[in-house]
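Could you have a look at this structure, given as structure tokens, before my questions?
Labels for the chains are A, B, C and D, by order of writing; each one numbers its residues from 1.
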Amino acid sequence: MNAKLQPLAEEKVFKDPVHKYIYVQDRTIWNLINTKEFQRLRRIRQLGTSYLTFHGAEHSRFSHSLGVYEITRKVISQFERGGYADWPQDEKLVSLCAALLHDIGHGPFSHSIEDVFDTHHEDWTCRILLEETEVNRVLKEVHPDFPEQVAAVIRKTYEKPIVISLVSSQMDADRMDYLLRDAYFTGVNYGTFDLERILRVLRPHRGRIVVKESGMHAVEDYLMSRYQMYWQIYFHPVTRSSEIILRQIFRRAKELSMNGYAFKWMMEPIARLLGGTIDVPNYLALDEATVQAAFTQWQAEEDKLLADLCRRFLERKLYKYVTMDEADEELWARIRGEFSRIGLHPDYHLEIDFPYDLPYAVYRSGVYDAKKDDKSPILVLGRDDQVYEISEQSDIVRSITGMHRGKYHLYYPYEPLLESADQLSEELRQLFELDKEGA
Amino acid sequence: MNAKLQPLAEEKVFKDPVHKYIYVQDRTIWNLINTKEFQRLRRIRQLGTSYLTFHGAEHSRFSHSLGVYEITRKVISQFERGGYADWPQDEKLVSLCAALLHDIGHGPFSHSIEDVFDTHHEDWTCRILLEETEVNRVLKEVHPDFPEQVAAVIRKTYEKPIVISLVSSQMDADRMDYLLRDAYFTGVNYGTFDLERILRVLRPHRGRIVVKESGMHAVEDYLMSRYQMYWQIYFHPVTRSSEIILRQIFRRAKELSMNGYAFKWMMEPIARLLGGTIDVPNYLALDEATVQAAFTQWQAEEDKLLADLCRRFLERKLYKYVTMDEADEELWARIRGEFSRIGLHPDYHLEIDFPYDLPYAVYRSGVYDAKKDDKSPILVLGRDDQVYEISEQSDIVRSITGMHRGKYHLYYPYEPLLESADQLSEELRQLFELDKEGA
Amino acid sequence: MNAKLQPLAEEKVFKDPVHKYIYVQDRTIWNLINTKEFQRLRRIRQLGTSYLTFHGAEHSRFSHSLGVYEITRKVISQFERGGYADWPQDEKLVSLCAALLHDIGHGPFSHSIEDVFDTHHEDWTCRILLEETEVNRVLKEVHPDFPEQVAAVIRKTYEKPIVISLVSSQMDADRMDYLLRDAYFTGVNYGTFDLERILRVLRPHRGRIVVKESGMHAVEDYLMSRYQMYWQIYFHPVTRSSEIILRQIFRRAKELSMNGYAFKWMMEPIARLLGGTIDVPNYLALDEATVQAAFTQWQAEEDKLLADLCRRFLERKLYKYVTMDEADEELWARIRGEFSRIGLHPDYHLEIDFPYDLPYAVYRSGVYDAKKDDKSPILVLGRDDQVYEISEQSDIVRSITGMHRGKYHLYYPYEPLLESADQLSEELRQLFELDKEGA
Amino acid sequence: MNAKLQPLAEEKVFKDPVHKYIYVQDRTIWNLINTKEFQRLRRIRQLGTSYLTFHGAEHSRFSHSLGVYEITRKVISQFERGGYADWPQDEKLVSLCAALLHDIGHGPFSHSIEDVFDTHHEDWTCRILLEETEVNRVLKEVHPDFPEQVAAVIRKTYEKPIVISLVSSQMDADRMDYLLRDAYFTGVNYGTFDLERILRVLRPHRGRIVVKESGMHAVEDYLMSRYQMYWQIYFHPVTRSSEIILRQIFRRAKELSMNGYAFKWMMEPIARLLGGTIDVPNYLALDEATVQAAFTQWQAEEDKLLADLCRRFLERKLYKYVTMDEADEELWARIRGEFSRIGLHPDYHLEIDFPYDLPYAVYRSGVYDAKKDDKSPILVLGRDDQVYEISEQSDIVRSITGMHRGKYHLYYPYEPLLESADQLSEELRQLFELDKEGA
């Protein structure tokens, strides 16, 4: 393949709070950033609804995508300076493009939408790369096959596995950027690890990226950061509650749409999403501004459930939750029964969440992505020149790998329960703390 | 007045990247934060369009408002710990509420909207405090006159000037928070100054807030930060360009609306804004999501000018600019003439911007606010127990106070000029760099 | 007991890189800081020889002692603000004094000196509190029994265990300050944890300090920081190597002194240290400047071994090391034999170091202190109002508690071995890498 | 000249709090760092006595020297990456060596010693480069003339002025490192500026280093940082007081030595310093440990003045000061007269300090160095490709360049005055605040 870099006359820089500066030296990268599809990522938040828990977390996928690009650029620079034979020099541009564009298929509040409409952002990424878009046009200027090559990296079918390993693995540029960035914007310091040291100990090695043994402690620190970020930020129960509301809005709207409900207010991209006929141009019109504007209008819909859910989301009147160590299907059935009896929708007003299987997943499969085991593990290059999976070498990684920690969370709307408290059983009144004075 | 604090059973905290934590100890404050009007500030960015220049600047007025509250809380705590007789202890709650709510009347991209529709966010703040809103209801629970008292602080007519001086002066909690916060989110370090030291040297003194002389250097540092932030961030020409586009969108839409143009797509809050009939409920529905959703739709309007401006904003295809040291009305008339001749709109396609009078204003009138001289100056309490205006005491403040620096910036759309370059005079081709290869 | 606080007319502050400012509000504290014994801590480094590995680690016990005081002050302030009945208010001054003075008995490079001369810095602390010193005079001004009370806290015999728990436990002010401070000055970011959050969740509870369950994650993060700091900083093999050199210098000087060797150069405090007759005034004269000045002079001593060790220390020509997973006494005996044969001192030129038992110790006994199990564990106050030891509640603490990680390190001087390489066995030539080109 | 770089097999790194890491890629640099003369810089503090005011400022010239090297390395890397023809590529090694070694001639508390003994650290730097030292041996391995070439850079007589401009100018690597480093270790944030941006806008241009116009704001910010650091840190009156004590110790010891006084305690390097016969080996033995050890011993000298000064220094019992706007020679004469009358030494017990001429000097001559106008100014490369001195282009630089700010400070020992207060005139009692209760 023959993807030539085209140096800009003058390097461009973006001021970035996480990496200080982001450097663009190649015209293709510069042109990609200026496409409308990439600019649209400014209207999609990196952390979905987390800003409802951590008010600083209002940063967009635009800034994250630049960050992933920048880390990838630094890794490759280091490989080039080191002159390592195992790094295929021609792969620089495809790697940088894949890093920059890996999230371009994200829609607003992706995780909720993907759940309800059974789509996947990586499929949309590939469609945006390959169909008639400005991104596609810029990539084709490099080479007619180039869009397909970038898509192959995203799909993990690219012929050079080292490129995939750079863009998508247990310690890839994506994860390294989001941990640092999410920590910065939420304001916590769990997510900080020594990026500069990690970059210095990465090596291309027989088609994979490995870590020199001397850098193992920096990697341990990275994994601990990740562990803490998942539990403190990404799985925060208030954030989960807002995701549940969001998912229910989409679920209800889809249900209404399928039942022929006449929305007082609708926009084409959303109508197509609900109806399952969305295409690339409409998907691209579907940013968070559009979705939130819809919610604002839907507060006045006839369907009380939809209107209430939208109000809850916009006014941050989220569901409360109680925690349980063990599953108890019978109890849950009793709750649903009582909810029906007092006029609540058991399918909407009780949601049971279990962020399960994490401890292993934190390390082995990345958690945030639905598919298990799709990320290659972290490999350590020993002093004996052998390659080891990191948990073979690190006690601390091994010990956190084996942990289980999930609990069941039951989410429910507090106010309607409180109003009907006298019609509920003692069991539920206690469970949902209806007899205590509200906080 | 008798505004009693009502301590929460347990202090609440918000994680904040700038102040580490924000502490809420009073029930009224907690209830205000949970009103829908306050939550709406999450959907309005603190720095308007600056995120198009500094991609990190995506933070909202919600987080800034909490920050202003927190700084005010810290100042008052320090006054209370010091037991200063000049601090009227009963004014704590009204001060905290005014600090928290001072920006609640901001709409989306306020500066542009205020320019075009001749409204002022402080008027909206007072209406939201006084008309039928959740905020009003919470304030009235303190005391029936309490909403009016908070509004008086906002209007600077409150009977105790020290409260006004706390919430609104040349070195108030508002400015201190936004400099630190905007520096944090853009990632620059100009805006950092020693907040903790400044808080320690503030003193209530005969109805005003003054600075102990020993803290003068910290104040100088604050003023230098402010100077740099204005020139590096707030007046950045790319940001000004995006504000111009935005203002033109509103101006065009208003013009079309007044001329009876039939918009393909419209929403009630926007229709009322354009028609000059907007009321509080519709104003509150007017967040940045709504406005951006409108722009997305308006890209398909018949009116090519409006459609193009919306596209430019969403895809960040901003106007370019050239700089001129002196005004040259004749040249500008010639440019407008040529623009008309090649089919451009001289009223829209040439905008002359002059961020004038700043150096004095940076210090004396705050710049960002339209009205001049509306902020009380910074006062220093000398060792002789006399009060001085800071520029009497500080060489560095005096020297930056006297500076002028503005230049004229001419903003224009590059592409249509380039296309018609051969129809333009040599003078304009040179001015707009049409013969050079485009960047 | 009746230790009255005496507020200063005006609060004093020290600028501190870790806590921003250190606040002194009480005259006794202010006077203690100004004693010559406390000022002497400026001439004793906090991290001993770590600056030879991490060049930033040049900070003194003076700044650490102020930091411990400041954290203690903050914890007590929080207890006072919360109005917790379990906090005995009269204990504030004794707690602050014990926090400030807990390290006043440290000598230069304490760990090495304590090893060789079998002294303990806590004994010196008590002597400095109780014998004729400026510190003693200031404490007696509070109350004639006050020096003894502060000493009782240091000795852990004080009648109120909560004071001991504040000043000396698994998560005391001492540890919290040194982790943050050592991380700051070395420049690593392992040591950063959320101090503000931890302070907020501490509670006095039936004579002990406990952590509210909601703060458990902050405590986990603190323990992980500690784990990483021990392995990355405190146990760094280059630092261990410099400590070994230092210990050998003292060991050799003591040996020479006992054998009646006539030093060309000597000073009284050092002579007394070597001879075992050191008293408080001479101990106080024994700072790092004095010790290093002695080393400078001893480079010219007749005793070649002492002269060489001093040169090695001052010029940072440390011993190299090799690592072994298992003990091998027979091998070590063979090495000592060969060393003797080629004229090296086996007692000085081979040192075997095993930083053992850490993983458990990191959590349970604090490692840095010689005596095991002398620190009370971290206690969590559950939602059920029961108190738990943290490893019962935290998977992550439990998993790191069980780990083992130590390896044997053999330290030796490289150059003399290289010179005699041809006289050594193949086994040793390989072990000490004598056939490779030197680094 | 032909100074070949000799790449190390593997890059070495030092962890550094200011630059994160310091990278050593060349064997000559590595060997220089390991010389005993360079290691000795660990025993000399970067900021002299500032640690007595800002307790964090305990960092050494060792870490600063590495920092200057690292900034120089980064500037040159950027020049190399940019491929600028105006950068003479062969000059890399000489530049790096001069940057690393520029402070190697510093003795303990240099400014005081230079004042009293009329020496200059740059002369010592050259002697250490050229006489029989390990540094000289390492440099000669590059080329027999190489030590002389490095010395020529230090003396500013090197044939390529661009190398001098890199190592010594108004915005050289030395200043950039010390501002950042001193800010970090004192804990203030005045000293932070955007190093990365400044490095990016530096250009080699016809034998000089210039700044691209687009980077002018970063340079303004750097100059403002410098201004604040000088007034807040370097000229802090408490630090000046400690320098005065130090200078008086040396002055008194020299005086005694010249008068044939028999010191109870002496060491050769100090005896030679006092007697004016110091040579390179003894100068190198003269570190801060040695000097402080001498002070410790001299507390017991017969000469009460010397003993008292040493005690004051070690116990931080500094002179107090009062401030005067104008010189008043007659008053000063009266003070000296009264001091004599009550048995004080007017030559030692009154010291008048005037940090004069700074505002201009901050920018134009660097202040910290005795000789005026010895640093080349900051040059800006305009868009018109002309070179301007920065104050022609920047209003803010021009305005701070013209400022005057110094005041006279009178330093004196408080306690002896207080004791003899009743023998002093009313004028002096008021001036020295002897009638107020002591602080």
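Note that in this section a residue touches a chain if its C-beta (ideal position, glycine included) is under 8 Å from a C-beta of that chain, and two chains touch if they have at least 3 such contacts.
Note that this is a predicted model, so its numbers are computed, not measured.
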Greatest separation from chain D - chain, by CA centre: A
Comparison of C-D and B-C by number of C-beta pairs in contact, larger one: C-D
Chain B and chain D: spacing of chain centres that average the CA atoms, whole Å: 44
Cα-centroid distance, chain B relative to chain C, in whole angstrom: 51
Separation of chain C from chain D, taking each centre as the mean of its C-alpha atoms, in whole Å: 32
Chain B residues counted as touching two or more neighbouring chains: 20, 188
Residues on chain C engaged by chain D in the complex (per definition of touch): 9, 14-18, 20, 34, 36, 39-40, 42-43, 51-52, 54-56, 58-60, 62-63, 66, 184-188, 267, 285, 287-294, 296-297, 314-316
Touching residues on chain A, where the partner in the complex is chain C: 188-190, 192-194, 217, 220-221, 224, 227-228, 231-232, 359, 395-396, 399-400, 402-405
Chain C contact footprint on chain B (complex, rising order): 13, 20-21, 196-197, 200
